[in-house]
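Each in structure tokens, the structures are laid out below.
After this come two complexes, each holding chain A, first together with chain B and then together with chain C.
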Partner chain A sequence: MAYETVIGLEVHVQLNTHSKAFCADDTSFGGEPNTQVSVVSLGHPGTLPKANGQQIALATRLGLALGCKINQRTTFDRKNYFYADLPKGYQITQDQRPICVGGDLDIKMGDAWKSIRIHHIHMEEDAGKSIHTLAPKHSFIDLNRAGTPLLEIVTEPDLRSGEEVDAFMTAMRQLVRYLEVSDGNMEQGSLRCDVNISVRPHGQTSYNDRCEVKNVNSMKFARQAIDYEVKRQIKIMENGGKVKQQTLNFDPNTGVTSPLREKEDAHDYRYFPEPDLPPVVLSDAYLNNTNQALPQLPKAAYNELTQKYQLSDYDASILVEDRETLLYFQGLIQHTSNYKAAANLIINRLLPWKQENKSTLSTFPVPSTSLAALIALVEEGKVNSTAAYQNILNALITKPDQAPLALAQEMNLIQSADSDFLSDLAKEVIAQFPDKVKEYQKGKKGLIGFFMGELMKKSKGKADPKASTEILQQLLK
Partner chain B sequence: MPKFTSLEQVQQAIRQGESSLEAVVTHYLEQIQASRDLNIYIEVYAEEALAKARQLDQKFKQDTNSVGRLFGAILSHKDVICWQGHGVTAGSKILEGFESLFSATAIERVLAEDAIIIGRTNCDEFAMGSTNETSFYGPVRNAIDPSKVPGGSSGGSAVSVQADTCLIALGSDTGGSVRQPAAFCGVMGFKPTYGRISRHGLLAYGSSFDQIGVLAHSVSDLALCLEIMAGGDDFDATASQQAVPAYSQLLNYQGKAKIAYFDTAINHPKLDPEIRQSSLDLIEKLRADGHQVEAVPFDYLDYIIPAYYVLTTAEASSNLSRYDGIRFGYRSPNAKTLEETYKKSRAEGFGTEVKRRIMLGSFVLSSGYYDAYYTKAQKVRRLIYEQTKEIFQKHDFLLMPAAPSTAWNLGESLADPVAMYLLDIFTVQANMVGIPGIAIPVGTHSNGLPIGLQLLAGHWKEAELLAFAELVLQTS
Partner chain C sequence: MTVNTDLISRLEHLARLELSEQERLSLQSDLTNILDMVEKLQELDTTQVEPLVYMNEAVNVWREDEVKHQVEREAALKNAPDQDGTFFKVPKVIDL
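And now, the complex of A and B:
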């Protein structure tokens, strides 16, 4: 029997606010354990939370970018449970009126776009970290992360495979980075997800009971966990069993999911309205301003690149991958209308330069105007593309103030279409290789490329290829 | 009779050279010593208070204008309010030995005006109780008759003023915990509008009900303390940013008031007949003075207590989760695992009443019961809110007994918690709605115990309420 995999995600995004969700503690990553804490994040008696305006602003920003409806009166709730890394014995979250409802994110699968619906987005605070691996009989608690602001994005069960989950998480990471909502760094846990998986026979419209897989902090693990879980569930069904709704832990070392202890799964969180935080009221003006301040989003940029500028899917996908590259491209084409050349230049030269130097495009030394001039030199036939994008560009990187044309002249790379100069060179080549000439004349016309190459060598790259070919063909007749 | 019944008297005595601040503190320390049997204080800051008094005497001598507005005010504070570097235990074993790392905003503000804190007063454990008998540190006794309770939960605060061990006491009022003990002890007790005084540094019981209150012998002292403690605070999102009037300068009530009362309260079957008579006498007196007093209907008196206990215990069950034996406070030495640490530390650290309320609160929030209890109680709160607002659209004040009886015998309430809960029947409305209320002493019962009545006003009407209370006291 053929089965269909049904997946919904709960994505946690750690926001790049300066301070924690409900107090002024620093949120930077990597501090010594328990140094980024205060009486509030430690849950000391008599302390109260205070909502972080930046968290609300970033949640609104992401919500608007995803086309969500923003609840203009949004409230906080408490989720009660005991754990050693949860100082207050409850987490402040949103249950009844989350800040964003609905919306969707489009992912690209091959040539087609697929829309994944968002159920809602809510604001919450993170717990601290429990470390169980440092000593055999003790656990250690680091509360630096306790109270760090998070957004939880809950999707509808619209995903159908590990590939789609991968595409969704990649698109989400791209979006939160575009919006400067989060660094989206999965290794550091800034972006992570719980995966809800169920399997059903093809054609069935209702959903079967799902299993929630926790502790998935990389795309590789997500795919592994999904693969394992799908096989496990199908096996149960094929054996006539029924998959039980439960919470599973994924072990990255073994690639296996296993149920959490019954007790851990039997929480009654006793949600109720957080009495210490008044409702947050967002005005129309606030939403309008936030909306207007949104940057161009990745999908719109992709469409612009492929439609308006006629770039290939490959080029456009690379250029929109991060916002800096997109902005660089958009800046460069202010100075040239050869979009394809501009795209190639960025993809083939600037991005590798950025990677090698572990740098950013904004620090690339050659100004966009010079890059545009370089493109123009090739277009006008004054230098060939190899000379332009290798020799001259390399020289420009060390001497960014120089004009490309002057450099080309200085480096003696201006192509020549002068027929006397070219026919002299052509005659030299013909004289040098009499055997090849005979072969050519006997019909091995492909040798024209060989003659061309030799001519180009003699010209030190300056020969205009088109004119040279014509002259060679003429002389070889 | 107390040596001083207002800050003005203290300041005058010092200004005229009859006394020094050190002498005032010494007087109160002697009183504390003399009243140790009443179990008022959990900790007395004798040396610290004396040192501060000497320092302020010096400051005053150098420049009489250099001292703050609370110069001369010797304060006690309930053991639920934090003072940096000092213990705070909420009358509970679970916080025995715990010292706060920060000061409550209210404490910071009174200290900035040169008040002296003389000690930390006993109270019901986590402010849960109406008789001050649930404290881990033992019950507080009423100074008028030590066989009687002082009321609660701010019982220690009330007796600290009653027994002349300080001039002013800071308490907290979640369902009447300032006003009811004030009535039992024959002093004044005032609870402002919810959000008027920051709760930062107040150990939470029922967060949407809790408010710091003041107990004193004079309305002017209540007004001045309120003026100093009130106002917005970056550490409490529920503290109002509304401007703070100069309450102490606004104590002259002008004109005639419109006063409402509930027939259902005055004729409540549980109300002591002499307290009823006191209420009726005051009503007559006010009418004779030209004020308009009328009975208004109120449909929810009997729903107040059940709804209150559902909502406050729900909030408390969550607020008290942080006392888990992990980071601070009592940790059971008998626990071997994380789960045991929670269970044993809490079972051994909390007293019976606190555990009862945590269990009740956890129950009403449980899935399957939430709507029947929590949601329903919220609806009741909303209805009470609406009808109370309506009353204050047509009336300036609401007159009510402060408690259905005078102070109980020690031990009487522990057998019947529900009867104890009903002690709050007349005070809880103010907390359900968030309005200010004041309990004032109006006389003595034939049993020799004080009788207190209560005046309530609309939201943010503290100035009017305090001025009117002053007028009532002066004319009765």
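And now, the complex of A and C:
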């Protein structure tokens, strides 16, 4: 029988605020254990939370970018449970009136876009970190992370494969980075997801009971966990069994999921309104201002690059990957209308430069106007592209205030279409390789490239390729 | 709602308490009284009354996103039943 995989995600995004959600502790990653704490995050009696305005701003920004309906009156609730990394005995979260409802995120699967619906987004605080491996009978607790602001994005069960989950998480990471609401760093846990998986026979419209896989902190693990889980559930169904709803833990070392706890004796979280935090009321003006301050979003940028500037899917996808690259491209094409050349220059030279120097494009030393002038030199046939994008650009990186044309002259790279100059060089090349000339004349026409290469070397990169080829062909007849 | 022994033992678990048989009985009668009182209140028609959640009408009590009021680690760990100068130590709790 053919089966269909049904997946919904609970994505946790750590907001990039300086301080925690409901108290003013530092949220920086990697501090010494228990140094980013206060009486509030430690859960001491008599302390009170106070909401960080920035987390509300960031939550609103993401919600508007995803096309969510924003609840203009949104409230906090307590989720009660005992765990050593949760000093208060409850997590402040949103249950009844989460800040965002609905919305969707489009993912690109091959050439087609697919819309993944968002059920809701709520604000909550993170728990501390438990370390179980330091001693046989004790767990060690670090509360630096306790109280860090998170958004939980809950999707509808619209995803159908590990590839789609990968695409969704990639698109979400790209979006939160565009919006500057999170650094989206999966290794540091700023972006992580729980994966709800069920399998049903093709054509069935209702959903089967799902299993939730926790602790998936990389895309590789998510795909492994999904692959394993789908096989496991199909096997149960083929053997006439029924998949039980449960929470599973994924072990990256074995690639296997195992039960964490049964959902049936489900946790009784006894949610109730958080009396210590007054409601949040968002005015129309607040929403309008937030909306107007949204940057161009990745999908709109992709469409602009492929439609208005006629770039390929490959080029556009690379240029919109992060906002800095997009802005750099958009800045560069203020000075040149050769969009393809601008894209190539960024993709082939600037991004590798950024990678090698572990730097940012904004610190690339050569100004956009010079890059545009370089593109123009190639377009006008004054220098060939190798000379421009290798030799001259390398020189520009060390001498960024020089004009590309002056450098080209100084480096003796101005291309020559002068036929006397070129035919002298062509004659030299022909005299130098009599064997190759015979082969060419016997029909091995591909050798023209060889002669061109030799001629180009002799010209030190200055020969105009088109004029040279014509002269060579003429002389070799 | 009846407060039976099952409910008491569930509440005991949720609150991480261990009660004696005597305490269970007295809690059962206390809770029954409390719930009876609430049931009495529910005789009132409150369909036209907004639920009261907050004790005043304030909204949007926010703070600036600034780091402050942290405590030193030594002070943070000081009141813990068990600690090693770096971490809080608790009996091994792993839900696997």
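Heads up, the rule we're going with is that the second predicted complex is superposed on the first by the 461 of 477 C-alpha atoms of A that agree within 3 Å, B and C clash if a C-alpha of one lies under 4 Å from a C-alpha of the other, contacts with A are read in each partner's own complex, and residues count from 1 in each chain.
Here is the rule we go by: a residue touches a chain if its C-beta (ideal position, glycine included) is under 8 Å from a C-beta of that chain, and two chains touch if they have at least 3 such contacts.
Keep in mind that what you see is a predicted model, and the values were worked out from it rather than measured.
J.: Between chain B (first) and chain C (second), which does A:P278 come into contact with in this model arrangement: first, second, both, or neither?
T.: Once the two structures are laid over each other on A, A:P278 reaches both partners.
J.: For A:D268, select first, second, both or neither according to whether it touches chain B, chain C, the two together, or no partner.
T.: Both partners, chain B and chain C.
J.: Counting touched residues of chain A, say whether chain B or chain C comes out ahead.
T.: Partner touching more chain A residues in the overlay: C.
J.: After superposition on the shared chain, which partner residues are touched by A:P45: those of chain B (first), chain C (second), both, or neither?
T.: A:P45 sits against chain B, while chain C stays out of touch.
J.: In the superposed arrangement, does A:R78 touch chain B (first), chain C (second), both or neither?
T.: Touch status of A:R78: first partner only.
J.: Quick one: classify A:Y90 as touching chain B (first), chain C (second), both or neither.
T.: first
J.: Determine, under the contact definition given at the top, whether A:K358 touches first (chain B), second (chain C), both, or neither.
T.: So A:K358 meets neither chain B nor chain C here.
J.: Where does A:H202 make contact in the superposed view: on chain B (first), on chain C (second), on both, or on neither?
T.: In the superposition, A:H202 contacts neither chain B nor chain C.
J.: For A:F140 in the superposed arrangement: first (chain B), second (chain C), both or neither?
T.: It touches chain C, and chain B stays clear.
J.: Share the list of chain A residues that count as touching for chain B in one structure and for chain C in the other.
T.: Residues common to the chain A contacts of chain C and of chain B are 39, 42, 50-51, 80, 82, 84, 139, 141, 268, 270, 275, 277-278, listed in rising order.
J.: Flag every residue of chain A that touches chain C in the complex, lowest number first.
T.: Within the complex, chain A contacts chain C at residues 17-19, 23-26, 32-40, 42, 50-56, 75, 80, 82-84, 130-132, 134-143, 249, 258, 260-261, 268, 270, 273, 275, 277-281.
J.: In their complex, what parts of chain A are in touch with chain B?
T.: 39, 42-51, 78, 80, 82, 84, 87-90, 139, 141, 268, 270-272, 275-278
J.: Under the touch definition given earlier, write down the residues of chain B that touch chain A in their complex.
T.: 81-82, 88, 90, 95, 98, 100-102, 104, 199-204, 206-208, 234-238, 314-315, 317-318, 320-324, 326-328, 338, 342, 362, 365-367, 370, 374
J.: If we count contacts the way the header does, which residues on chain C are in touch with chain A in the complex?
T.: Touching chain A from chain C are residues 10, 14, 16, 53-56, 58-73, 76-77, 82, 84, 86-96.
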